[in-house]
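Below are structures written as structure tokens.
Next come two complexes, and both contain chain A; in the first it sits with chain B, in the second with chain C.
Right, the complex of A and B next:
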């Protein structure tokens, strides 16, 4: 009954507004929404709202939650600990070690020296001699350097920080350097090849798309079989080509068995194998972006250069490469960011073995979650996030300044 | 019409309150033969009209099952009343307060010990933490020494009692056979759960352990060095392939099944595959023996298998214990052994004609399984296991020296246990 009454009242009310018989207040948001009287900003916000809410729920909330978790000591297999607030303890453990000792005397002397270095820096910055960004970078550097010197000792454990973290940090860095460089070395020639006008161009483009479209775990599993040292395809090919016998005299005997190189059970070969796989998988992505860049270069530039007598190498060096710069930058950023997060391929190929030599940062975080150490895993994720953010900012500055 | 349905519902609810049936939910993994468990539970329900037991499925591997239970138990849910857990877990469950202590369901301590005497000592020791019982064994498993009976017979050897004997027999057979694909000794060197056993077995059979009675870590010791050096030695003399660090459990099984291995350490499941698989090259050629040891010490092997425990947050613990008793009863374990090749945890079943008719090798398994020891019993098992298996894998891939490995494990374990 009440509903019907309300519905009828609403009807009369709406009719009244339309005929402007009663004007007792300024129409509110909902009313204007109903009558279609929103201004552009309001309408824009309204239309964006679903996207913004989704973005918050699926992106911002998890990210903030990770930050919050990283400050807490939650460990699922130690529920008697609860999830206490531990502040920056996890970060201290990651970067400096659990048993850090403060040496007061050292602390005082270095602090004075540290402040003595920072003061003139800030003075210059305030006078406008130094750019603000530069001053900030220097301040951070000095703080880090003096932080180490400020009487922070490795303590009882005799090592700086979480050794496992630094191990994964190093291998991740190595993978970034090797695989990014490698994917450009392979991707650029691929792009140039695909850019040549020839009836077989579709074949090159197909070959470029294939690795790009393949799921990474699948790639890892496939390559793990190719690199398998007893019955893998690669060692079989090497043996047939006679390379195996050749290598047996050259390589350390520890790295090579009767069937060939022990790809996945020795550290150096495993690093090479994993990088080859990553390069195979990612160079086509680089190739595709560079190809798009190549096609946007004006052909008349080449014609003019040819008229001026430039040879192919000179044309490549003075036209293609400089004109490709934006495309290279984009590919570089994306490749570096995916390389920092390397997880799938080492996971599928060796799960971080031999030992922990291929345990990348991503894999370390995964393993920490597997061990139910939620708080510490969150802290490691924050460190990874900071690294990605730092590298992105550096790249962006490099692109926008030049 | 609507009113009638509502009335019927109300009557139904009231009726069910009057004839209260306790519901018990049993959690198992999809590898643990849900159909068989389901039919066993139905038999239980028929015999106990006041209890309705049903099962819930989750996870294909020990790790995934664990993750699921982690989620359920950290939220203190009572959705599950009984769960099947891996033999390495009871200590964690006890410390976390997830598994209900079972002592109170027995009349006395003595009655409990008498009841437990019907089971193999290995699984019981894993479930008995500081005198409190947290789980009962469902079925068990262990690592066995599988050997090629035909090759040993050909060269006139008995199954080796010591590691040195194993090495010399393997060398002689490999030389005699002159087959480049033949491996003398195969074990699990990949950084998987089984690699813990790869290290613990020689460690135990050298008279050592990962920690002493007082709880101090004793990995960095003469015995620890002896165990790792023995493993490296097998590669140096060539009875073990140089890429053993890539070998996981089923790789070992496949290689032996293809006829390429003389001696192998592996779990109980391999036997059935050797005898029954179509592609098996070694049907009827495989023998099983206790693991060798170092001269003067006792043989020891790693225990596996699964345990029934009661959720501490369950609201029907009494009924749950009845189901637990049933699932660990002789009748049920006989069915599991005969129909699902699960190695029984009850001693009497090793001489049971029905079991032996279905799985004749269980008679041979008994000598091995009676010496099986639990892997580190600690609430921090996951971390301990991860450390041991990656370090053993690093040694076998020759990326760190034995001394460094022992030091890494020693300080790492002290860190974990000291937490």
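Right, the complex of A and C next:
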């Protein structure tokens, strides 16, 4: 290229830039990344990418996959069938039965109890104390709980397509109610005590953090040994306190062995033992959340109340509890969601024994997978997922409306 | 408060404190006492509280009956790996969510936190399928079989702890004053430069907090470890311990010794990082 041509080209380019015929290419993505000139959205997406990709692949994809698998009848012991599309057959088997005629007694008791709890609820709703939607949500919950716990569930009479599912559903519901309520009742005083400055504070904290950090399996094994009916320390302590002799006449004789209550080999004691174990393991978590709630309460509120002559009990009811409400809600949500998935502790303590009385929903799903019935296990997982989703939505409604 | 309160109130408080400490620590103490007893002493009536003849044979048995050292190593590798990856991912995401003006960032945070309610049980079947390894349709390549490798546990543990770690680190980054960063940028440092020179060192405590919680979560996980890593040499501690009990026999002394060894790292963590764990747990809890 001659000098003249280059000279002419220079002027041509200058003119072209002025008239915006040619624009310089903007620096590319990687160049701007190197020089640190990305805008917020680009940098943000770049930083969020690893976390979001992990969550998509490991959490979201499996959930969608489970929904899909639940419609197919894969069974690893019958590989020649492949995984045929069966539609909602699994759900029909889980949620419905062969002969759904309720007997009159069950129906009556269910109706009476339902009406007895629903009437005040709707009375409050009509008076405007409760929001309509809240009342409706609680109505549904009560119907489900009363329906399955008291009336609708006919036990092993075989009317349900899958009585084993309803058994596991009931025990899971029972564990949710007992252990969440229990861990809250233990966790609240725990938080109040841990809030006090005392020379033993570090020991209190250790006593609260140890149950939290202890693996659930270890907890289950430890408590299985404590509850052991012949050589367990609990029965020994009960015997020393004289409780054993007291119980001898009161309890049914088949619940009591030579050394005391047969904790893990009879149904009702086993349910109590497992719940106590779960409460020991989880109440410290509730306590820690409530402790944080306590520490965020403005101290001047208490001083004002004391000046006005309120005693400790009144201060607790009218300041501490209302101010703790958000922390209580959070603790309850977390606890309920973990209680739905109860698996480790019953597995470690009794593997669901005696019989199948402690087979929670989680254990049932695990056993179904072990029995190679993959499609059915997926359908059960969908039910579990729907249950936790429903409970979360219910709680969130409760938080946001009040 | 305690200065003015009457004697009975103080008495009740102290009784409550002692009750709390005893109830919290007694199972662990009983476990340790049991682990020093001989088998014969365990099945003798009346039961003894203090071991008659303290013995270390149970601890020897723990390592002889099963490759317990290997279980410990597996647990350490899996938990540490999951912790490092999870905290890295969560720190990046947390910084983006706390500082950058991204459209819909509250929605993204809510979405991430909501995934923590997905039951691990639901993930069991699809993740098993994913980890078995299968040919990707159309590409002609297949994913590796991850079962009985450390990755089969590290990957789900990262995902399971990501929500809580992201939450902790997001709220932690929000506490670091933004002025520090803008000052660095005015001084000629780029945004990424400011991130690595100013924000990363300041956020180290938050990362430690999140890391401990991820570590404890991963160390404790049982269901996925039980299902994905079935070969003896790849078991983690919680799974390995359940294999000491036979079909009918429960060697309680050995199980107690194994559990005692298994909780030593956790107790050490608690003793060193008490305050941090509490602040981390509650930061996650109160915000969520």
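Heads up, the rule we're going with is that the second predicted complex is superposed on the first by the 296 of 402 C-alpha atoms of A that agree within 3 Å, B and C clash if a C-alpha of one lies under 4 Å from a C-alpha of the other, contacts with A are read in each partner's own complex, and residues count from 1 in each chain.
The working rule: a contact is a pair of C-beta atoms (placed from the backbone, for glycine too) under 8 Å apart; a residue touches a chain by one contact, two chains touch by 3 or more.
Because the structure is predicted, anything quoted here is derived from the model rather than measured.
Student: Taking the superposition on A as described, I'd like to know which of chain B and chain C A:173 touches: first, second, both or neither.
Tutor: Touch partners of A:173: none, neither chain B nor chain C.
Student: In the three-chain superposition, say which chain, chain B or chain C, touches more residues of chain A.
Tutor: Greater contact footprint in residues on chain A: C.
Student: Name the contact category of A:196: first (chain B only), second (chain C only), both, or neither.
Tutor: In the superposed model, A:196 contacts chain C only, not chain B.
Student: If you stack the two complexes on chain A, which partner ends up touching A:357: first (chain B), second (chain C), both, or neither?
Tutor: first
Student: On the A-aligned overlay, A:118 touches which partner chain: chain B = first, chain C = second, or both, or neither?
Tutor: It touches nothing on chain B or chain C.
Student: In the superposed arrangement, does A:367 touch chain B (first), chain C (second), both or neither?
Tutor: After superposition on chain A, A:367 lies in contact with chain B alone.
Student: Output check: A:207 vs chain B and chain C. Expected answer is one of first, second, both, neither. What do you get?
Tutor: second
Student: Once the shared chain is lined up, is A:61 touching chain B (first), chain C (second), both, or neither of them?
Tutor: Touch partner of A:61: chain C, not chain B.
Student: Do chain B and chain C touch any of the same residues on chain A, and if so, which?
Tutor: After superposing on chain A, chain A residues 228, 230 contact both chain B and chain C.
Student: Which positions of chain A touch chain C when the two form their complex?
Tutor: Chain A reaches chain C through residues 33, 35-38, 40-41, 43-45, 47-48, 50-52, 54-55, 57-63, 65-66, 69, 189-190, 193-194, 196-198, 200, 202-219, 221-226, 228, 230-231, 233, 236, 259, 280, 284-285, 288-289, 291-293, 296, 312, 326-327, 330-331, 334, 337, 340-341, 343-344, 347-348, 362, 365-366, 369, 374, 377-378, 381-382, 384-385, 388-389, 392.
Student: In the complex, go through chain C and note every residue touching chain A.
Tutor: So the residues of chain C touching chain A come out as 1-2, 9, 13, 16-17, 20-21, 23-25, 27-28, 30-31, 34, 42-47, 49, 88-90, 92-93, 95-97, 100-103, 105, 108, 112, 114-115, 117-127, 129-130, 155-156, 158-159, 162, 166, 190-193, 216, 219-220, 222-223, 227, 237-239, 241-242, 250, 252, 255-256, 259, 262-263, 266-267, 269-271, 274, 277-278, 281-282, 285-286, 288.
Student: Okay, in this complex, where on chain A does chain B touch?
Tutor: Where chain A meets chain B, its residues are 76-80, 157, 228-230, 254, 257-258, 262, 264-267, 270, 351-357, 367, 370-373.
Student: Which part of chain B faces chain A closely enough to touch in the complex?
Tutor: On the chain B side, the touching residues are 63, 70, 73-74, 92, 95-98, 180, 189-191, 241-246, 379-380, 382-383, 386, 390-391, 393-400, 411, 415.
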